[in-house]
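Okay, so subunit A shows up in both of these, paired with subunit B first and subunit C after.
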Partner chain A sequence: MSSKMQASQAGQALWSKMPKANAELFALTYGSLVTELVRDYEDPIEVNAQLDRIGHSIGVRCVDELLSKADVAGMGLATQCQNLRDTAEVVAKVGFKMFLGVQAEVGGFSQDQRSFSIYLQDNPLATFVELPAAGDEQYNGDDLRKLKYSNLYCGVIRGALEQVNLKVECNIVRDTLKGDEVNEIRVELKEVLADGAGDDYKEE
Partner chain B sequence: MTVHAIHIFDRKGKTLFTKRYTSSKQSSTQDAEQLSEQRKLIFGMLFSLRELVGSLTPGNGSPALKSVRTGAGTLHCFETISGLRIAMYTNNNPIMNTIGARAPGADNTKTSFQTALKYIYSDIWVECVVRSPLYRPEDIQVDPVEGKENKSGRFDIKSTNFESKLDAYLASMPWFR
Partner chain C sequence: MGFLHLFIVNKSGGLILHRSLSSAAPQIGTNEWLRIGSTFHSLHAIAAEASPVKLPNNKNSNGAQDGIEQIEGGGVILKCLQTRTGIKFVITAEPGTSDLDTVLREIYVLYSDCALKDPFYELEMPIRCELFTNSVDSLMKRVVAGEVMMR
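Moving on to the complex of A and B:
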């Protein structure tokens, strides 16, 4: 319990230190990015993949940002994340809070402790967003049901955890834009990567 | 000169940045090869030591390796859980090693090497390199061998102001002379 408290306090402390951008501008910029992708790729599945890719690039940067600031908030991360539960707490309470200003909840751990869910009550990316209704011929509603509007999150989480040697797979399983009452991102740990010298080391 | 060299490695042992502050007598081509070999050894040593220390550390203590000291100098290292390793080779600095500086109450947090390396990571590396729009972690151009062809499109740390900021910071430290 204490680690949970600590994580949310640290998240709060970091959030207060981050430079802020206007939330509406942020939501609208993301909206236009997604719209542009939809226009370019047409296939929503492909758009999801692109969003995931963009997110991945963001994630690999975010993690250094978080780690470099973590000590400011008085948490020694290296000793704190002993298991996936701790990691999940940090992602939800520190990561989401620090970069988006919203607090996420963690839950739904699987029996083997290798997967969990992150619940977002409100999603800053989806402000002002409405997906066309199913069966809406004019706006291609049926097709766009397959679009995962906030798939960026999946990429970010994947990229960030990859940098700390955790290979995960993320999926948006519930989405308020599609009428669910909460946004749920399912994160599944695939493997813990081993440290080791890579090809570059050998060739250099 | 107190600081001899600074190297930054990624998780896989690739050199991301390297700079020497003391000049050597050898010719530059021979030198580059030797230095690359040297970096390989440094990373290899840090890596193996880290593994060893990790397996020796009981319980939940932090197994972080901080420095390796020899008769001639000290290798200070700092690693992040994102896999970055910063190694700085200095001589056995008199300021840092006098009993006075370590006495209880003496404020050495501002000058300690660990603090300095942490600052280099969080305020210079993250600021200049990670935030650069061109930064792609898996695709960093390292220059050490002169004359080696530059693959276009690769991110070069030299294109950021990392180096100048690093130099300015190090020069402001009391142990950098």
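Moving on to the complex of A and C:
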């Protein structure tokens, strides 16, 4: 199907219209946010939860930006997303490209088509990050192995999809910071929320 | 020809913005606006359910996928854009005014750019964001001057 092509072209076109910010400033800002959270909460599990929460607030807002701009630019996304596969394509190829300038790949659909993975080669949030090694006493390395540095993504995806009536659960399952060769975010569809006035996400 | 009013209804039927777009627009009090907003929301929902025709690609088992898109009367046209996140942007204008669709889409972009990015704006709450209202005003000026090109 040509939807793969379409989505990545749409992502490219939208990215070219976005105002750009300095990537280093962005990475450093996020870094200071995470370290501040680590300092405040101490427990990395709690930090992960906070990052997810912050991401959620971002996601519920930025989904409208994607939808409105794609619509105005005549991407024809309005009629799409008949199934989770289409949604995954749009999140990875349009969403990630538009807001972060990196292209993500989709794969690993489960048998029942209710969960998939998003693969990120480059992670713009983690440009300068090196997690302390396990056993590093000084930096609390053991504990920080539990930190999901980029857990913000999970929140963003969850928030954005929630706004279009898809309840999902997201998890970072592989992380280049921990030595994996790729970043993998697992997204699992829990429920398609029904809306009193019809399924909004399907309509034109 | 000319635009009259703009109002925005959130997904639970609450009015989050109303604004007159020209001096020719009739004066309507805030209470009436709130009533119009929620009445429209209900009518929109009923219209979707009541549609007798099932259009192709419609996934709902009965009714239409979307409610009211446009209402035309002798002295007014009303056009509604419901986003997939459930917000309704509604614009009214004098008959013969063109480009209502484009204007609504542009307003949606302004909403996502100005209102949603204000960290102190809470979702679903009334929009009190000067940047947004100013942008809408300047969009209207550009439209009236014919500068907004219809894509």
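Operating definition for what follows: the second predicted complex is superposed on the first by the 193 of 204 C-alpha atoms of A that agree within 3 Å, B and C clash if a C-alpha of one lies under 4 Å from a C-alpha of the other, contacts with A are read in each partner's own complex, and residues count from 1 in each chain.
As a working rule, contacts are C-beta pairs under 8 Å (C-beta built on N, C-alpha and C of every residue); 3 or more make two chains touch, one makes a residue touch a chain.
Quick caveat, the model's predicted, so the values are computed rather than measured.
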Inset, instruction - Considering only touches as defined above, state whether A:146 meets subunit B (first), subunit C (second), both or neither. - result: neither
Legend entry - Which superposed partner A:60 touches (first subunit B, second subunit C, both, neither): both
Inset, instruction - Identify the partner contact of A:190: answer first if only subunit B is touched, second if only subunit C is, both if each is, neither if none is. - result: neither
Legend entry - Partner chain in contact with A:163 - subunit B first, subunit C second, else both or neither: both
Inset, instruction - Mind working out whether A:17 is in touch with subunit B, subunit C, both or neither, as first, second, both or neither? - result: neither
Inset, instruction - Classify the contacts of A:68 with the two partner chains as first (subunit B alone), second (subunit C alone), both, or neither. - result: both
Legend entry - Overlap of the subunit B and subunit C footprints on subunit A, listed as residue numbers: 60-61, 63-65, 67-69, 71, 79, 163-164, 195-201, 204
Legend entry - Interfacial residue positions of subunit A with respect to subunit C in the complex: 60-65, 67-69, 71-72, 74, 79, 163-164, 195-204
Legend entry - Complex contacts: residues of subunit A adjacent to subunit B: 57, 60-61, 63-65, 67-69, 71, 76-79, 81-82, 163-165, 195-201, 204
Legend entry - Footprint of subunit A on subunit B - complex, ascending: 11-15, 36, 39-40, 43-44, 47, 60, 62, 64, 80-84, 118, 121-123, 125-126, 130-131, 135-137
Legend entry - Of all residues in subunit C, those that touch subunit A in their complex: 11, 44-45, 48-49, 57, 59-60, 63-67, 82-87, 105-106, 108-109, 111-113, 116-117, 123, 151
